[in-house]
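Have a look at these structures, which come just after this line.
Note that subunit A is present in both complexes that follow, paired respectively with subunit B and with subunit C.
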Partner chain A sequence: MILLAILLIPILTGLLLLPFRKAKLVRSIALASSILNLLLTLILAFSPETSAFHVNWINYMGINFSLGYDGISLIMLLLTNLLFPFILLAGFGREQRNVHLLNFLILFAQSALIGVFLAQNAFLFYVFWELALIPVYFILLIWGGDGRKSITFKFFIYTLTGSLFLLFGIIYLYQLTPGMHTTDFAAFNQLNIPTGTQVWLFWILFIAFAIKMPVFPFHTWQPPTYNMASTQGVMILAGVMTKMGIYGALRFLFPIVPSGVLFWQNTVIILSLIGVVYASIIAFRKTNLKMLIAFSSMAHISLMVTAMFVLNTYALQGLLFQVMSHGVTIVALFYLTSLLKEKTGTIELPQMGGLKLQAPNMAVLFLIVVLGSIALPLTAGFVGEFLMIAGIFKQSAWFAAIGGLTMIFGAIYMLFAYQRAMLGDKKLVYSKLTDVHTLDYLILIPLIVIILGLGIYPQPLFNLMGQTIHSAENILKPLVEGALILKTN
Partner chain B sequence: MSALIFTIVLGIIVLYLGFLKKKAILAPVAIAGLLIALFLSLKDWGLGSRYFHDMILFDNFSIAFNISMIIVTILIFLFGIDYYRMMGLHVAEQYALMIFALTGAFLMTSYSNLIILFLGIEILSIPLYVLAGGKKASFRSNEASFKYFMLGSFATAIFLFGIALVYGASATFYLPEIKIYIAQFNGHLPPMVMVGLLFILIGVAFKVAAAPFHFWSPDVYEGSPTIVTAFMATVVKTAGFAAFFRLLGMGLLPLPAPLEKALWVMTGLTLLVGNLGALKQTNFKRLLAYSAIAHSGFIMLAMLSQHSSSAKVLLYYTFVYSLATVPLFIIFILVKRASDWQEELVNFRGLFKEKSWIAVCMTILLMSLAGIPPSSGFMAKYQVFVLSISQGNLLISIFAILMAVIGIYYYFFVIREVFTESKQLNPIVVTRLNGALIIVCSLAVLLLGVFVWNLPI
Partner chain C sequence: MVEPIPNINLALLVPALPLLGFLITGLGYKRFKNNQAGIIASTSIGLSFLVSVFLFFVLRNSGQDAATVTLFNWIAVGNMNIPFAFLIDHLSLTMMLIITGVGSLIHIYSIGYMHGDNRINSFFAQMNLFTFSMLLLVMGANYLVLFIGWEGVGLCSYLLIGFWFKNPSFNYAARKAFIINRIGDLGFILGIILLFFSFNSVSFSEVFAQASTMQIGTPVITAITLLLLVGAVGKSAQIPLFTWLPDAMAGPTPVSALIHAATMVTAGIYMIARSSILYNLAPITLNVIIVIGLSTAILAAIIGLKQNDIKKVLAYSTVSQLGYMFLALGLGAYSTAVFHVTTHAFFKALLFLGAGSIIHAMGGEQDIRKMGGLRKKMPVTYWTFLAGTLAISGIPPFSGFFSKDMILVKAFEHNIIIYILALAGALLTCFYMFRLLYLVFFREQRLAGAHPHESPKVMTIPLIILGILSVFGGFLNIPSLFGGDLSFSNFLQKNVFSKVSEEISHSTEIGLIILSLSLLSLIIWLAYRTFIRKAVVPAADGVSMTPIARLVTNKFYIDEIYTTVFEKPFGSFSNFLFKKVETNILNPIVDGVGEATSVLGMLTRRLQRGNMSFYFFAMVAGILLFIIFILTI
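So, the complex of A and B:
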């Protein structure tokens, strides 16, 4: 029941908000509901017994409305519900049109994302997967920046193309299930698909996730979309929606098409390593701060994909840890970026500089978040990336060496950007610039506390992952066995 | 049967009511009559009654389709109250002709004899030729009527020729007997029968606007009065597909290999032409015409993937498609009135600002046509794909999915216009009835997708 509550609270609150016209009231109600949801999630995460919800939906097509969770879902769920209060908080005190509609859409997106992470049935997963796209599409289309019409369009078509292939894959798997066909994940996981089929089915399923994450070369929608999106839009996109891709890949690929994963393992790893290097280099060349962060996010995600496909427990643990830390860090980074944009009117690095003199507090906050993003020890990013690279190293030292470039490149371009934005001489243009407000502290301080807290004492998250590691091993077991079979043949 | 007879009488009554010069009572009478016809149809449910030496068979298949067409016609008539108030002198004829066309559609769903199918198609088509030319002063409307008439009669002639050839070989018009006759050849049909069957299929394919027999539809859809276009896009299409399905299911399946191949090619072409054609349209009616062609492709996919549930999928698909299309035409007319009778897509700009609830409804309707969950259009497409994939037609399914992506592209092109800011010159006036229709249909489209996934047959 608690799962159903977590799923429905945001969307019901959102519907409730629609008649209201007072911006502040709308925002407060939305925020309150999301905090409530966070509390419920924490209760769920730390309660010893598991919870599930099951209703028959479309019997004759084997579709059930069943919600449940394992360790991986729990991390994703926690991340989603942790970030949404901040995303909602980011709207406070800002000029926005149609606040009630905006908050409705954000809460709608939250519900859909929660649904994605809780669904135990592939059809249900798909419905939520698509549902999550619709509010985000409108958030980008109505509240986006310049060029939003064509960029949103590209983003939408791109991601939907992937989803439709996923739909094909789901239906294909559905008709493979024995007896009364069903789309339950449990039944999918039992399937024994011939290797030849798995080889092509892998891509049918993977494309949707590859686009969402995004993996090179399916990334072209991402940087312009991030650049154009409003603060809240980009926080949802970068913070949570990229994690949908990772979650989907973990949920679909490894248990269902293990031979396909083994077959394509190196291809995907190489593609994502290309992504790491490519995105890092472009990030270094970008002068637009938002674009820079967008590419840096792509580099980090690419490393996560590499870690996912090296198939060992270290890397998987690191991946899940990094899911959390990347989500928190990137949200903080994008919030700071839009703060800069508000204060200075630009996010072009050459036009900035010397902000530290005007706004020292902001500079400090920015520095901490930047350090978190480049995975300095004692920040959460370090724990995740260290584990991931350790895992990748077990697969191949070369992969680890190239993957490790993310950290080095990251340090270069992020610190360079910091230098250009914050340090240097004072610019006259900013003479009226003010430092960080209370509201900004409310958003940034908790995020920084999480970044540092998880970096200094990561054990709580690992404890939470206790079950996750278990399920990770469950995921890996058939794969390792499959690898042995391949080797012996 | 009683429903069929009653509907014919209703048409005549409505026609004669025209003499009373009271426009206001026409629509209520017609709608009340259709409701009675609906009730009479329901009474025949499950009886499977046969008439005229088994030439007509009212089984559940035909009754289910008839009911769905009656419901859609009622929706169109409700729209007609406002539509004809603004225009048109001879309103009684319009209603009467549509009712007559509906009786033709009834015959098309319930035949088991090719002659009845021919009669049905003609009874359906001839009123439509007249209706398409309903705006006497408009060149476009005249063009539509003429084009439709010429091409339509040509197709009918081919169809009739096909019937004659099949009759010449098999000496029967009855579908079940033709089925037995075909079966004895084990797939190697004599040329005469083969050509005959091909011609019959062409005749029906013309009615449902399947490529490459679709050329009439964009022009006719664009030129005809909008309410007639709505009728053609929904009721006529439903009837055509019911007839098509019956033709295959009762008589021709399993098809001889060359014909089956021809139908698959037709399906692929229909998907391709419909979706690619819609991409570049700037006129909303033409866009919907191409989208109708595209949907024909998906329906053919379901129809050719023979399975015991194909009929259900077909009914569900056509019904939810109609349910989404009718209100779109209503919204189109409202916007057209507000923008000096322009029909371009750009006229939808600013709709969100002007009337946000219409914009939301329109988004839901277009999303249903595009097949985005949780709308009923998604459920319909999902079931089509389940059918075709589980019958092993993987390649064409992948192709259809690619085409669905293109579909999403142009539907969202319209949605994008709706949410684009612009100064709408005139305010949009919505009568209460039209507003209710739009909202009810949108809700139905949404709720059917969540709670109802197939309709009883």
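So, the complex of A and C:
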């Protein structure tokens, strides 16, 4: 039942908010509900018993409404419900149109995302996957910035195209299930699909996730979308929605089409390594801070995809750790970006500069988050990146060396951005600039505490993955066996 | 199981005190007035020093060689188990004493030097953070905790080089330092990972225990040591990654003394000395280290001959001295390298603080061509600076003599060519240092309108203490030739495993010392003749020079080469990728797909009027139809 509560609290609160018109009240209720949901999630995460929810839905087609979770879902769920209070908090005290509608859509998105991570049935997964697109589509379209119509359209078409492939894949898998057909993951995992089929089915399933994450060269929708999106929109997109792709890939590819994974393993690794280098190099010359962070996020996600496909426990653990770390860091970064935009009226780096003089605290906060993003030891990013690079190294030292270039490139573009925004001499335009306010501290300090806390003492998160270690092994087992078969052939 | 040593857990206080100092001065930076932050920061390091001294005796009285203090399990995943633990042994204690001892003197000095700077509180917070990171680096019981400190000192170095952040070129220097260090760090972390997969551990004790049974020349050990070396080359500013250190002089002078002379830059030497067991197994790597160290020592010394900025001279001198330490490491004389680290910490900190005192007195002027005649006006600075100059030049009985002579002897034992080159470098060192000394302190003052004065006591007392250490520091390790017993080297021998080489006879050793001393005297006389008798002042910038002089003055154009070969192409490539690949290739493809969809939309518009909700309806209906279709077949 607790799963159903976690799933429904956001959307029900969202519906409840619709008649209200007082911005502050609406935001407070939304925030309270998301905090409640976070508490429930923590109870779930640390309770020894597992929970599940199951009702029959469309009986004659074998589609069940079943919710459940394993270690991987738990990390995703925790990240989602951890970030949404901050995303909602980011709306406080700011000029926004139709606050009730906006908060409804945000909470709607939260429910849909939770559904994605809890669904134990591929059709249900797909429903939530598509549902999540709807509120985000409207958040981008209504509250977005310049060029929102054409960019949102592109985003929509792009992801929808991917989804259609996924849908086809799910239906294909559905009719493969024996006897009374079903779309339960458990049944999909049992399928023994011929290798020849897996080779093409892999891409049918992967393309939707590859677009969402994004993997090079399916990324072109992302930087303009991030750039145009409102603060809360981009926080949802970059913080949580990118993880949908990672989650989906873990859920669909590895257990269902293991031979396909093995067949395409090196292709995907090379594509994502290209993504790492490509996005990092582009980020260096971006003068628009939001675009810069968008490309940096792409570089980080690409490293995570590499780690996913090297198929070993270190990389997988590092990847899951990084899911959390990246989500928290990128949300903090985008929040700071919007803060800069509010204070200076621009996100063009050449027009900023010298802000540390007027806003020293903001500069310090920005620097700490930047350091988290470039994975300095004792920030969460280091633990994740170290494990991922170690895992990649196990596959190939060269892959690790190329992936590890993020260490250098990240420092190059991030510190350059920091310098151009914060350092240098005073600019007269910003002589009346104020430092961060209480609300900003309420958002940034907890996020920074998480970034540093997980970097200094990461063990609680690993303990949480306790089950994941098993599920990671479960995921890897057929693959390792498959690899052995390939080798003996 | 060894008996736990009583009171050894006090070791936690050593890094904890600077961390506490950092938190107090960092969080309360707006509240402290006058010298409060400086006093808090200095006290924290001073207390840390006292604890280190206490630990020294605790360990000595325990009769054990090493003790591990574990805080908690940091990363424990699968087979990987990396504790957050500290190792207290003779090597780490030596480094702790240097860091906190010299560190507290520099902190105290900074109270005077930074007086009046409106961000003095931030300065002390960052200095404390640096000391904390540096202590983590030398106290870590495994490579990953070492790496925390390693990156931490890199961060503090970045912050302090760019301390005066209004100046864009200082910010550039800070970034350059961080990025070049990160290049090294990538090699370092890959080395640690390879180490982990080879030994299933990154803890010193376990790795070294396993390694001690391995064959010399095992390829994987060669690979590990080379990768770790990449990190050391970056951090200790060796060829080809040395260009950041001279630029790092943009930071306040106490920073140069603490970070870019006495402590951080020696981290690479510490790490290799710590890994002596591994390096002994990799003769190829040791030869690489010899080549890198020797060529860095000579190249930097040559560049030092033509520098006119007092801090730049000292910076190149530091690079050069670090090269000597690398040479010693390459020769397998790890404890000698650490000994040179120690004496160098004394005399180079002294020289930098002396330079700071001069710059302070000259109102920020750093050009030695504009100085001169400061001997009378700044007697304390002069006498201590003289002690430092004699020490770095290797004049007996100053501290540098003992450490440098030991390196030269090792070089002689190894190969006569290495010896000759190393000696040549030492002569160059002597020349540029006396050039500096004569130009700054002798003859008449060349800058009109300046009124130099001796620095306040808070600055001169640290100078005097460091002066005493520079004079007598060498007595820590007196070789048998002078009736000593190499107590410093023997102290380290428990934890650092130097290669045993065939020792040369005392008479040969005396011959070598006489040779180098007579050459050194000749050099000093040459410098005296040039800069005092003939009163030569280096030419102003822009005066035409011989090609070789121009080459040296421009530091062999290495910075320019790096800019042309790496920095600029990187920027152009970034533009190319975005403007050509992303905009002209990838986007049109996607738009093409999008346009095809639009055309499709145009066709269907006749049916649907382009209503988005209708699209959704159609989509769902389509899905259902499709399912039914699949079911019926």
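Note that the second predicted complex is superposed on the first by the 489 of 489 C-alpha atoms of A that agree within 3 Å, B and C clash if a C-alpha of one lies under 4 Å from a C-alpha of the other, contacts with A are read in each partner's own complex, and residues count from 1 in each chain.
The criterion applied here is as follows: a contact is a pair of C-beta atoms (placed from the backbone, for glycine too) under 8 Å apart; a residue touches a chain by one contact, two chains touch by 3 or more.
Computed from a prediction, not measured in an experiment: that's the story for all the values here.
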Inset, instruction - Please tell me, clash or fit, for subunit B and subunit C sharing subunit A in the overlay. - result: clash
Inset, instruction - Check whether A:F462 is in contact with subunit B, with subunit C, with both or with neither, and answer first, second, both or neither. - result: second
Inset, instruction - Using the superposition on chain A described above, determine whether A:G354 touches subunit B (first), subunit C (second), both, or neither. - result: second
Inset, instruction - Mind telling me which of the two, subunit B or subunit C, contacts the most residues of subunit A? - result: C
Inset, instruction - For A:V370, select first, second, both or neither according to whether it touches subunit B, subunit C, the two together, or no partner. - result: neither
Legend entry - Which superposed partner A:L82 touches (first subunit B, second subunit C, both, neither): neither
Inset, instruction - Quick one: classify A:L253 as touching subunit B (first), subunit C (second), both or neither. - result: neither
Inset, instruction - Report for A:L167: first if it touches subunit B alone, second if subunit C alone, otherwise both or neither. - result: both
Inset, instruction - Could you say whether A:Q175 touches subunit B, subunit C, both of them, or neither, answering first, second, both or neither? - result: both
Inset, instruction - Check the residue A:M61 against both partner chains and state whether it touches subunit B (first), subunit C (second), both, or neither. - result: both
Inset, instruction - For A:L131, decide between first (touching subunit B), second (touching subunit C), both and neither. - result: first
Legend entry - Segment of subunit B intruding into subunit C (one of 109-117, 181-189, 199-207 or 289-297): 289-297
Inset, instruction - Please identify the positions on subunit A that touch both subunit B and subunit C, taking each partner from its own complex. - result: 61, 134, 153, 157, 161, 167, 171, 174-175, 181
Inset, instruction - Give every residue of subunit A touching subunit B within the complex, in rising order. - result: 58, 61, 126-127, 130-131, 134, 138, 141-142, 149, 152-153, 156-157, 160-161, 164-165, 167-168, 171-172, 174-175, 181
Legend entry - Residues of subunit C touching subunit A in the complex: 72-78, 80, 144, 147-148, 151-152, 155, 158, 162, 165-166, 168, 171, 175, 178-179, 182-183, 185-186, 189-190, 193-194, 196-197, 570-571, 573-575, 577-578, 581-582, 586-587, 590-591, 593-594, 597, 616, 623, 626-627, 630-631
Inset, instruction - Would you tell me which residues of subunit B are touching subunit A in their complex? - result: 367, 372-374, 378, 382-383, 385-386, 389-390, 394, 397-398, 401, 404-405, 408-409, 412-413, 416, 419-420, 453
Inset, instruction - Write out the stretch or stretches of subunit A touching subunit C in their complex. - result: 61, 134, 153-154, 157-158, 161, 167, 171, 174-175, 181, 217, 220-221, 278, 281-286, 313-314, 317, 354, 356-357, 371, 376-378, 383, 386-387, 389-390, 393-394, 397, 400-401, 404-405, 407-408, 411-412, 415-416, 419, 422-426, 457-459, 462, 469
